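One chain, chain A, links the two complexes that follow: it is found with chain B in the first and with chain C in the second.
Up next is the complex of A and B:
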């Protein structure tokens, strides 16, 4: 079962970028590139050697592996519906948050290592937004833990979630926040624009400017895995509303992210950079609100 | 008489008729006039002739539609420094820098004594891009970001040096001059007028019609021939088609830069439709080959006219929908409004022209103030002005100009269909051999889509084109971009840049 879980997660990771591209193309009235074009692109990158700038150190070379490794291990903690994840232990939701943070820190250090002013700017932006999005993620995960009384993803989504209208709302809310976190963490509009060629406006992309070949492929794949893991989490929270089955959660995660990102990127402009702070803080505030609501609900149950 | 007064519909002026002032008189008078917003300098350049150096100045009076021509002179080897006009009127900076760079003439008190475009025949060969004197600031919390000269994407070279405090831009310096094209020299070195016309089209690829038109007008003034009215109308149609295409393209480019996909794809499609209309008319999407001195190789026919009217009507209708979407979308307004503001008095100070100036409340439009050809006769052109001076204002000016151009084209083609549809080529054929008047100064002044495009031609005693000087509107407006980003976040630089969309090659002649 754990194997199926991992397989589904990886499949979701491979499908989400394709669905985003397809949605965007359709909304623009275009046919769009092949669904698996991003896989061909990465295959091409994987066949290429990396070229390193003379100003970089061993740190710069190690980071893509660390980044991909952290994302993969983090993803292995996430259950798909009621399936058991490969790795599971008490408190793994904190491990999840900080594995993502580890990857981010590694990439920031690598960007600083190049000594480029562009990448320095990107690193400073990524550090700021990463710092702001962390409380949002932890508070939302904390809410899930609070509702179920477990601190491991596998236990939280084991199908014993409390039922009732109030929890319905809390779970819906949690899904919403998690989807917004997916937008932020995977660097999509309105926070970042993965398609732009303008270095001065980039956040995530600018930190990878000095990477090419295999290293760039690793970073791209890590990005897919990271957004798939977070999407799956959002899909699990949504699926918990009407029965936690893997065959609901897995397609839901792909559709939820693929379509929502595609629609937002087609119809909306990205934020002014200074407004990103507000945008992310709003997510964090919502998460705090959610946490207190859940806490109050919890108290009420105890009194009864 | 301090000035020779002419206008945009009169002929060329003989060099001996242009008054020659002492520099003091020139300086005093120009300094006084430039304090009034109605005057701005269209061109100011030096021409060596024998052992003298003569400086010509074309001053435009927007209020009365006059063009004031004057000059001053000095000995070629006279090394005295002239008091700088830039010190009092910043709008003179590109002209004085150009004169210094070419001939080594020093201007005393010039506040920004930097090379302009590094032409191959510059006076001081030691001055090069490698030792460009960038402005610097000291401070522990400041950092410099250099963008370019090679950019991401297929654009021309230019270095942008930002001095930032965190994300905030304190100062931007734009260093151009990487292309060393020698365009003006190429005009002077050939006597083949067809080749010169093709050169004019290549001055700035996105303003091919505007520059070709300025060249054709300058040449026609020199030959003294009358143009048929229909030729003027067809040229105006070409100019307005170019304007529509570029303004639509820039609307799309602004949408791209903020990641608004729907606006981007809609405008790309509309721009393609516009330039394909030009192609269906003359065989080239950018209108190259369409404007030639004295006549046209691609006169309109009834079918072509009907095709252009139909397409332009369709483009205007669909563009209006895009415009409505953009102006009613909160996420776009949040990006464009209050971003990259250039206030009116700053725009006046630096002598901004064209649609960028009009977005800052400066009503400079050659089609209204110095009309020639059809603009003086069958079109009533109203200058479109916005007051805010931000990215949104520049976008709104673009949007309104597209619809206005569509109306102009429709009107011009309606006249054609009424009067000339049955006539075989009422424009006449191009003439590349007509003799030019000797020792004469002539100019072409055209409002291209980017703004005032000014070509000045001087002939020698034998009637050959001896000196050719070009001024693209970008020459003034690059400084407006540098001012626009002051105080903005550095990540908003790209949309400020796109909202001006200035020409690198128009600057690096």
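Up next is the complex of A and C:
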């Protein structure tokens, strides 16, 4: 079961970028590139030669592996529906958040290693947004812990979640916040625009400017895995509404992120950089609201 | 010291603790003063090493479940009898002090080597003697059961650390910082004296056990608040943290490491003791809220200030404040869990707090040693003058990176283990419904602190060690001697061990939390073992996955052509090192958010908008602590004025002094006639 879980997660990681591209193309009235074009791109990168900046040290070369490794291990903690993940223990929510933080820290340091002011800008922004999004993520996960009474993903999504109209609202709300966190963490519009042409306005992409070949392929793959893991969380929360089954959660994670990111990127402009802080703080505020709502509902039940 | 002597005979009638201590002090000074200049460091290391060896062996016996014999016993002192003993909590702190003390002394040899020609042998000897004395005084503090001997060792520790800060006393800011430190520590000391005297007058004994009785029979809050303020002063609890960012940059780096890694933990030790003395009274609930709030405020304040600092040692000092905040969050949630009758929350919080105390002593020592390497090789600790140090000092860079990862609480190193335990306590408090709102507040604060620490330390590491050198001093720097690297390897070994084998290490912390948690030790370990084993597996899995990926990358690149070129300049053709992102610019986004907490000051003139071809400008931005300014503003000035007045009495004429003595005697006589004393 754990193996199926891992396979589904990896499959979702491979499908999400394809669906995003397809959604965007369709909304723009284009036919769009192949669904698996991103896989071809990465295969091409894996075959390329490498150029390294003379400023960089060994740290720069090691970072892509750390980034991808941290994302992979973090993904192993996430259950797909009611399947059991490969690793599960009390408090694995925290391990998940800190593994993502490890990847982020590694990438920030690599960006600083190039000595370029543009990459420094990206690093500084990533560090700030990462700092602001962390409380939102942990508080949302904390709300799930409050609702179910467990502190590990596997037990939270084991299907014993209480049902009722009020929890419907809370879970829907949690899904909404988690999708917003997916947007932020994977550097998508409205926080960041992966297709922007100007380095000054980039966040995530500018940090990898000096990477090429295998290293860039690793970083791209890590991005997919990271978004898939977070989307799967959102999908699990949503799936808890109508029954936690892996055959609901897995497709839902792809559709949820693929379509929502595609739609937002086609219809919305990215934020001015100074507005991003407000945007992420709003997510944190929403998470606080979510927690309070769940707390009040919990109290109400206790009184009855 | 008496500590080494009486273990064989548990209770001797009168062991003259203070005579022994005095003899020991004399011996220490004699040995160090007599040693030749180059060998003073070795003499100090030998003295500290003996104590550390004794401490670690004793602590291992106690933590291994052995007996806890009395170390000293004085039936008739001021506070109705003093004893010293080592329970598991003391034992854990003895381990922390021993590791930190040995590493700091080992490090000091290389660090002070280049200053020896400029200092007189007496000066150097005084420094090393203070180092040894401070080490033993800290051992005395954590082994004492309270009362007079506790206060005695506490004061000895303060005075010794004051002398240690004063190594570079000719620098004005050092003298000022040391004086401010001494004054603040004595305010804390007076509070502790008040606390112990009150305790003794009511209970007839000044020990921490008596404190438990006192809390059961009398009003808890006045005495608890007095003790909390006294210990909080040492621990750097908000708003009494202002001495830390002044004293640490002023002190030599090994002293900063010892003070920040180890000495402030004696304040934490005191807070743990008084909170433990509350037992399971209803007041524990309120104490938990107070400690949790104090922890949240201290932690968030410390980390936000740390992220805005542009000096390596100031940044590290603020980060110590933040870590004390994390420890207090753990203690607070443990108290709340115990008050609510939830042993899991209590255990996780307390074990996490103790574990973090140990962890912080390890990685903060390592980081301060790294800062010392920077200072001695490049003669600056300003972030914006450094850069690209990793190329010139590779070993320091690797060791500092380990410290950075550990302090950011990232897997696979030790900070992650302790923060995970505290998180587990908080999440359990939420999930079990025992302390939902308090736990949620702690959770949000800890997550915010975690994110901000990443910002602060990527800023530090990125601007100092990575990129290109910003000044020629940095470009000409060379690696430090092996002795200092060896000293840094001591904390590194601990960091790796705790990170990679969390189960074993946390076992020590659960045993030490025995004083607080009511569950038996075996049950306590049983609660945590499955999680910790899984954490250990995850960490190893992470390392294996990263290793495989690195190997794959190597394989793929083997047949490829690898070339070197300049960093991509984004279309700019003449990129130079001055264009690198500086520490100030790195934290600019945060400053926009944290503006209410800091007071920015800019010296010099920025480049104006109208200047198409600007001249040379010098512009210096600093961020100061609002609380620090608040304190510095009035009471230091007041003390200075009082001091000036008092100094008028110091005429230097012997007849005046005789007159003062006479006046004093007359005063005592008059007061006793009037039955005042």
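The definition used in the following text is that the second predicted complex is superposed on the first by the 301 of 304 C-alpha atoms of A that agree within 3 Å, B and C clash if a C-alpha of one lies under 4 Å from a C-alpha of the other, contacts with A are read in each partner's own complex, and residues count from 1 in each chain.
The rule is short, and it goes like this: a residue touches a chain if its C-beta (ideal position, glycine included) is under 8 Å from a C-beta of that chain, and two chains touch if they have at least 3 such contacts.
Nothing here was measured: the structure is a model prediction, and the numbers come from that model.
In the superposition on chain A, A:272 makes contact with chain B only, while chain C stays out of contact range. Of the two partner chains, chain C is the only one touched by A:114; chain B is not. In the overlay built on the shared chain, the residue A:91 is in contact with chain C alone; chain B does not reach it. Once chain A of one complex is fitted onto chain A of the other, the partner contacts of A:30 are limited to chain B, with no touch recorded for chain C. In the superposition on chain A, contact of A:289 is made with neither chain B nor chain C.
Shared-chain residue A:135: touches chain C; no touch with chain B. Shared-chain residue A:148: touches chain C; no touch with chain B.
Set against each other, chain B and chain C touch different numbers of residues in chain A, with C touching more. Judged by the touch definition given at the top, the superposed model places A:199 against both chain B and chain C. Touched by chain B in one complex and by chain C in the other are residues 117-118, 120-121, 124, 199, 274 of chain A. Chain A makes touch with chain B in their complex at residues 24, 27-30, 117-118, 120-121, 124, 189-190, 193, 195-201, 265-275.
Those residues of chain A lying in contact with chain C across their complex are 46, 48-57, 59, 62, 64-66, 68-70, 72-73, 76-77, 87-95, 97-99, 101-102, 104-105, 108-109, 111-121, 123-125, 127-128, 130-135, 137-139, 142, 145-146, 148-151, 199, 209-210, 213-215, 218, 274, 277, 288, 291, 295, 298, 302. For chain B in complex with chain A, the touching residues are 143-147, 152-153, 166-167, 255, 257-262, 265, 329, 331-332, 334-335, 339, 489-494. Chain contact summary for the complex, chain C toward chain A: residues 387-388, 390-391, 397, 401, 405, 408-411, 416, 419-420, 423-424, 426-428, 430-433, 436-437, 439-440, 443-444, 446-448, 450-452, 454-455, 458-459, 461-463, 466-468, 530-531, 534-535, 537-538, 541-542, 545-546, 549-550, 553, 556-557, 560-570, 575, 577, 579-581, 585-590, 592-593.
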